[in-house]
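First, the structure itself, so that you have it in front of you.
Chain IDs A, B and C follow the sequence of writing; residue 1 opens each chain.
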Amino acid sequence: MSMSLTMKKLLGGPHRGVGAGLLLAGSIMLLGLTAPMLAFDQPIVCHYQGQLCFPAMVASLRNLPLIGRAVPLSRPFGLAGFDAKGALDQEAFAIWPPIPFGPFELADSPLKPPSADHLLGTDDRGRDVASRIIHATTVSARVALCAVLLAGVIGTSIGAVAGYSGGYTDLVLSRVIEVFVCFPTFFLLLAVVVWFEPCADYVILLIGLTQWTSIARLMRAECVRLKSRQFILAARGTGISELRLIGRHMLPCALAPLCVAMTFATADAVLIEAGLSWLGFGVAPPQPSWGTMLRDAYDQMRAAPLLLYPPCLMILAAVTAFHLIGSGIRKTFDTRTSQLCEVRV
Amino acid sequence: MVSDFCQNPSLPGGPLLEAESIRVAYPKRVNSRTRHGHTLVAVRDVDLCIGVGETLALVGESGCGKTSLGLALLRLIALEKGTVRFDGRDITQLRGTSLRCFRSKMQMVFQDSRGSLHPLMTVAQIIADPLIGNAAERRAELPRRTDELLEQVGLPPEFKNRRAHELSGGQRQRVAIARALSLRPQLLVCDEPVNALDVPAQVGIMELLRKLKRLHTLSYLFITHDLELAAQYSDRIAVMYAGRIVETISSVEIAEKARHPYTQMLWGSILRPDPAERLSEFTSFGEPPALFERIEGCPYHPRCPLALSRCREVEPSLAAVGRGHVACHCVDGCS
Amino acid sequence: MTVVMDELLAVDGLSVTYTSRRDSANEAVADTSFVVPAGRTVALVGESGSGKSTTALAIMRLLPARKTRIQARRLILHDDTEAIDLLSQGEKRLRRLRGSTMAMIFQQPQTCMNPLLTVGRQITESLQLHSSLSKKDASGRAIELLEEVGIADAGRRVDCFPHQFSGGMLQRIMIAVALAGKPKLLIADEATSGLDASVQRQILCLLRDVQERLGTAILLITHDMGVVAAMADYVCVLDRGRTVEAGDVSSIFGSARHVVTRRLLQAAQRKL
């Protein structure tokens, strides 16, 4: 009940930007989750060797976080090097995705301008840009969200421990946070990435391990503020454990500012991922991500300037969406503003 | 001194809580202009004893350290020195889990009912939280116990799903009392439980506390600045001034036999609902002292109409006079 | 209510409705009527939620205009020369009236003062707003005012910040700020509840003293019949936004008719 109330307050409040932001972010997520259904070099449904197969659907499911790995490969479609277009008869029953090209498929001659076949044209190797940008969404969104989740978990726990315990623990943890803040994150990432093969999972880990500081500082400040509140003292007086005190009593009160920080951090993570991939240290080519696509487009800027638009617009849309959500939540739940809205007598 | 207190004839059930030379100090502030170099001693070497089934009122003006003393007795803030014994057991050294387990025996009701209830939790969650957190009740029993507690504090069961801001001040205080009672404590420390309420609601809460005391054989430490309320609803009154206890007296004797000039001043400044007692001439009682200022001699002497030269030099100690204790040079039988 | 010769404030059939609230119980004040005679004290009594504070804010016209609707048959404040209909005044005129003809003190002085300004600054600000005093004269007057409200060593204390004063002291300073414009009507909204009995008594004495010296009428808002007995000439009892009983103080204490009045009296006496 309180969840729906919260949503109503968010969407029905005076800050309509949240709705637009959620819509935009939601579409991007949906695009990422259903990428193979929209653009793939294998059909959604087909009749192959006497069997009904769902290669694109299976590929979509395998894109899901966590549970995706448990979905079995659709044989022989999922196997490397299997050419569905060649294997399927022209007459065989098959429903193809709207964009029937895979992100790695060499679909046409390089650097073709947008046409009815290739909505956004082809890139320097002749791959369909529309298909690649959709699949890049999967990769970039996954990297950003997982990284922020990791940063959120680390930041919340360290911040809560520092803020709640106070004293020397706080002193030490605060200094640790400050050291991490002082590090120029981007160059640290560059330095570390040099030692590893570029890969999406490393990018998640690295962004998560460096971007938790702002969340930790926020959580620490919230805990310090809450610790002196009387209802926390009262709860402590009932003899409940510290874990319960932090988790059940303090965390819910800090949730709104945490959400704000996490949404802004997501926007940052999108930018960091794009930056790293652009430099060639992030997601490894040929895997498409917004950053790698931007890199490819940049290299061909004179020959095909239009290629710059799709990744730029996607990055812009994602960052805008998360900023809209973040500032909307902040304005809705900011106690100072909401107190002004209420008549207090 | 403590044994002296506890042999007090007004404690038929024996002592439940004995506190000996309690001192509470807040760390010194270096940067502030006025407080430079001074530790703020909120409670100065206080001895206190609460009997089983007794209601002890701790009375004093705001800033005299009575809340600090209450929190210190519950081990919710750090003691600088002194020992607290509960039911004969020294609880001063308890740490970690043993301290947490012990907390169920003494509970607190705070002054600010709105601030002391979690803003996001429902009434049912607030009341059940100590039970869950201490594993004091099986999960299946929780709804029944919550209903029972709500009924005991005089709230209808449909209040379960409300939140603190949807209740009136009196109702919130009832929820706070229900939470405090949920763990079946032996001692309830009520810190100004009715200060923020209007007079009819005050009476309602005080009558409720009186009823619950009979129901559960509770002892109360009732912290208030309202001597009139203390006299009405307690067995014994301890008057606190500038971090010290200056007088203990049975509440039935307060009107006639209050000996300390401070107690007399407090009693005299009560406004009675009688138009015949209309304020006429300007009376000055002075202001409560700032705790960070060191006062030589009796802490009350700057405001005391009876102050002697001796009061400016020597601090009087608490001595048994009649059935109570007084710390004043001007009272016969006191040092 | 007793017929009074020179009324200062007349409130007749006042109602205040909160338009922003969706629930039905949005009428905070339904039908309140009373008269404050010049130089006397009227107590507005009621339990919490009876609309006492809203009435006071409505008189000061301090309620947010967009979220409340104030209606009254009569809401008249008498100045030296004219009768001012408070309902029809524009914001500019109201600002001039507040502080000069009517002033208000609140329950929590800590929250009513700017923590970043010295108390002297806050008094002189109020002084300069309502008179053409020079800065130097105003600060001299501020010290005088602090002395008048019984703050010792006013010359030094005038440069202190609000957090350096106790609650009782701050309430005195609030009174000094309110008196800066020599108001004819002083509204004290629970100005002494929550204070220590000794401090409360001294503040009330101060108000009484001010009244005698300056002839200020006081509208005292309280739930404490002890305060009423100590201060008031006339009493008006509110219940759920309606005047349910009114009369002079002895008749209210002597022969209370309405159940709310009796409840308030009983509660006050039961404590003794």
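Operating definition for what follows: a contact is a pair of C-beta atoms (placed from the backbone, for glycine too) under 8 Å apart; a residue touches a chain by one contact, two chains touch by 3 or more.
Everything quoted here is computed from the prediction, not taken from an experiment.
*Asks:* Max contacts between which two chains?
*Replies:* B-C
*Asks:* For which chain is the distance between its Cα centroid and the global protein Cα centroid smallest?
*Replies:* The most central chain, going by mean C-alpha position, is B.
*Asks:* Could you put a whole-Å number on the gap between the CA centroids of chain B and chain C?
*Replies:* A distance of 32 Å separates the two centres.
*Asks:* For chain A and chain C, let me know how many angstrom lie between their CA-based centres, rounded off.
*Replies:* Centre-to-centre distance between chain A and chain C: 57 Å.
*Asks:* So the centre of each chain is just the mean of its C-alpha atoms; given that, what is the distance between chain A and chain B in Å?
*Replies:* Distance between chain centres, rounded to whole Å: 54 Å.
*Asks:* Send over the residues of chain B in touch with two or more other chains.
*Replies:* none
*Asks:* List, in ascending order, every residue of chain C touching at least 2 other chains.
*Replies:* Not one residue in chain C touches at least two other chains.
*Asks:* Which stretch or stretches of chain B touch chain C in the complex?
*Replies:* Checking each residue of chain B against chain C gives 34, 61-63, 168-169, 195-203, 225-229, 232, 265-266, 269-275, 277-279, 282-285, 287-288, 290.
*Asks:* Please output the residues of chain B touching chain A within their complex, sorted ascending.
*Replies:* Residues 71, 74, 76, 99-104, 107-108, 110, 112, 115-120, 129-130, 132-134, 176, 179-180, 182-183.
*Asks:* Which residues of chain C touch chain B in the complex?
*Replies:* 47-49, 150, 164, 166-169, 194-202, 204-206, 208-209, 223-231, 249-250, 253, 263-265, 267-272
*Asks:* Which residues of chain A touch chain B once you look at their complex with the stated criterion?
*Replies:* Going through chain A, the ones touching chain B are 2, 229-231, 233-241, 244, 248-249, 252-253.
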